[in-house]
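Working notes, structure below.
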Amino acid sequence: MILSVAERSYLYESLKQSPPIRPDGRSVKQFRPIQTNVGFLESSNGSAKITLSDGSECIVSIKSKVIEKASIESGRDTLVDVDIEVAGQRDDSSFILNLISTLKSIYSNYISQESLSLTNRFTYKLFIDILVISNYSYPLTLISFTSYLALKNTYLPKLTSSVDDKEIEEQPTFHDYEFVKLQIQVPIIFTVAIIDNNYIIDPNSQEMEVSDNGIIIGWYDGNIISPIENVKLNDGNSKSIKPELIIKSIELVKSLGQSVIESLNAAE
Amino acid sequence: MTIDIPKYTFPGQPLSPVYQSSNNKSIIEYIPGNGTILSKINNIDVINSTLLGNVKVNEVLLTDEEVAEKTISQKFKIEVINNKQNEYSELNDNGIIINNTYLPKEGDIVLVRVLKISLKQANVEIIAIENSGNISKESGIGMNGYQQSNVTSGSNGQFLSIINNGLNESGENFRGIIRVQDIRSTEKDKVKIVESFKPNDIIRAKVLSIGDGQNYYLTTNENEFGVVFAKSQNGNGQLMYPIDWQNMIVPSTGEIELRKCAKPF
Amino acid sequence: MSTLDRRRILGPANVKPLIFGLSSSQSKQENKIEEEEEEDINSQISKTFIKTGLITNANGSSYLEYNGNIISVSIYGPRPVRGTFTEKTSLDVHLDDNTETISDLLNKKFCNYIENNFTTVINLNKYPKSGISIFINVLSINNFQKYKYKLLSLISDATTIALINSGIEIIDIVSSTFDLNSNTVISFIKSNEIVGLLSDSNKIYKDVNDFNKIIKKLGNDSNIVKNSLINYLMSGN
């Protein structure tokens, strides 16, 4: 988004106030309203869509595949694979690759092996395909919320063969139509924009454009986790961050996480 | 109390507050020049260094208004001259270190080479800026080509492709335009480009504005600006010398060609 | 840097340069790094070797060696970017890993980190209509799996030195430090203000104060690193 000098300085000054005056009237810890939709893709194991008030839209589809556990242990395969497509961005741009690497590392750390385990030799592998149809602000929070909904609403085929296949060579067989809901805890990621001495959650495109810097913070089960990183929210306006602000943002995310999870769960 | 300004500095070092008072209660103002930046420490305006190098403090004459207001008694400009002095550094003949990261700005005097001329303008490339040396090093794939394997997969693909498409055979220099109305200040409507410049002439010019994405806008409308080096017969002949402001001569043959000449020193 | 070699200086595209010295398998050797030493920033500094200006082609360059990690950084620019008018310079970072240990994703992550760090620090307004390229060459890596972000902090320090060597205006010296326990790298300027932060581990922070302690510790370390960088720079005079 391109802002004129006057617009930029007006926005910056109002966001500098204490408490900050945000252009859409939100409070520091208020998210933009979201509209959710789950389980609408018949051909995938789980799916979700979130539409933001500014028109940003993200669709996530979860698919699964049975793989041998040995291939994961040997490092040939991973338990979770993430693919992201953002409209208007090249697949090999550093923007996309950075989103992928962040999500891959958070999901492979926090999606437990037990929850996907089938038998002693086989396990499910999850493919998380993310499509951001339109995007006006930094999409990571949107993506992580949508993936949360999709993963929480994923149904995997029910195993009918025996779990213990150590002794006997046996391919797992599945029930014809019954599915089991995937029971996992999913981490989510928050974006905080830093403006002067203020920190605001879920910045929209205008706020991003004038912000001094941005931080992404992971949240899992009531606690703060990696990634804790700073991100570039605009081109060339970035400034250094005071350490206190990072700590305050982390505290804010820690206190908000549970209520966000509750409202996301209510969306099911 | 006055604060001593360090002689040799590194990036980030505070050099001086903007206002200092000396013993007899007169106030000295310091203004940031090249290699420095204005910043705030505890809400006091301070001049910080942005380069590694020697600090130069030069007095700036006060304007009439400032003299009348009597708020400040003296004014100094603080500059940092980049010093690359180590065993591998490059020095020119005078021992002045060339700063090759300084870009032309409004009012700078530059030396340019004419690339092509048309009825409306002369296209030039900027070779050097007066008092700060060559505009840029022969960088990238030049005489000592230095190749990187994963260039195309850079973090900012768009930027790279722009560089690639923009390069031309004549090099990687910044480009400029001298429009026909900026060649001289009198009888502007009678000026013809062909009677002023020819391709490959070296011209001394002043930067009018940093221009658009493609070109700087330059002017030669003062006596000391214009052609300084030129060869006759479109560059095929011999070096010519100015005989007046609009004629150049080849001493050995007596050929005379029209140019807008710079006043010799 | 141009990939188009119109002047045919580099020869055919598929030409491989002669490589002297260590082969990649040899340079992958893993020296044992004592974990206690990771805590002692002063002993690390005394083992670090820095040299600037070795690459004469570049506007600025630096070479840094620490405990089996060898990095060279070269800066090209500011140089013209054609196309639409840009008020500020754009930065662009490439990482070339000669040891072939850094994955593509991580390579991008490193580049992104360095880019974020230095767009904050470079006085961008001084260089309109131009671009600055930072080329990082990783020549040797020691125990990458465990110390990958240590490498990143070294790269960041080397880049600062290279930028200073190039004479590109920066508002302050960036000093980066690494915490092994939380796998965190933070880059500081001024009096402990943060320009770069990257923490990637499976550690769960039950208490926010834990992270505060990491920032404090790295902040103290970074002051020591910064002082020794300044000492190095000023000793050139």
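Here the chain labels run A, B and C in written order, and each chain numbers its own residues starting at 1.
Assume a contact is a pair of C-beta atoms (placed from the backbone, for glycine too) under 8 Å apart; a residue touches a chain by one contact, two chains touch by 3 or more.
Fair warning: this is a prediction, and the values are worked out from it, not measured in the lab.
Asker: Identify the chain pair joined by the greatest number of C-beta pairs in contact.
Answerer: That would be the chain pair B-C.
Asker: Determine, using the mean of C-alpha atoms as each chain's centre, which chain is farthest from chain B.
Answerer: A
Asker: Measuring from CA centroids, which chain ends up nearest the centre of the complete protein set?
Answerer: Smallest offset from the overall C-alpha mean is found for C.
Asker: Please report how many Å separate the Cα centroid of chain B from that of chain C, as a whole number.
Answerer: Comparing mean C-alpha positions, chain C is 31 Å from chain B.
Asker: Could you work out how far the Cα centre of chain A sits from that of chain B, in whole Å?
Answerer: 49
Asker: Could you work out how far the Cα centre of chain A sits from that of chain C, in whole Å?
Answerer: 29
Asker: Return the residues of chain C touching two or more other chains; collapse runs of consecutive numbers into ranges.
Answerer: Those would be 90, 108, 111-112, 115, 189-190.
Asker: Any chance you could list the residues of chain B touching two or more other chains?
Answerer: As it turns out, chain B has residues touching two or more other chains at 155-156.
Asker: Can you list the residues of chain A that touch 2 or more other chains?
Answerer: Chain A, residues with two or more chain partners: 94.
Asker: Quick one: which bits of chain A touch chain C in the complex? Just the residue numbers, please.
Answerer: For this pair, the touching residues of chain A are 94, 97-98, 100-101, 104-105, 109-110, 213, 215, 220, 223-232, 235-236, 238-243, 246-247, 250-251, 254.
Asker: What part of chain C is in contact with chain A in the complex they form?
Answerer: 88, 90, 104-106, 108-109, 111-112, 115-116, 119-120, 124, 183-184, 189-190, 192-206, 208, 211-212, 215-216, 219
Asker: For the complex, give me every residue of chain C touching chain B.
Answerer: Those in contact with chain B are residues 1-7, 9-10, 17, 52-59, 74, 76-86, 90-96, 108, 111-112, 115, 123, 126-131, 135, 164-173, 189-190, 230, 233-234, 236-237.
Asker: Show me the residue ranges of chain B that touch chain C in the complex, using the header's touch definition.
Answerer: Residue positions touching the partner: 8, 10-12, 35, 37, 39, 48, 50-53, 82-86, 88-90, 99-101, 103, 136-152, 154-156, 159-160, 162-167, 169, 172-175, 210-214.
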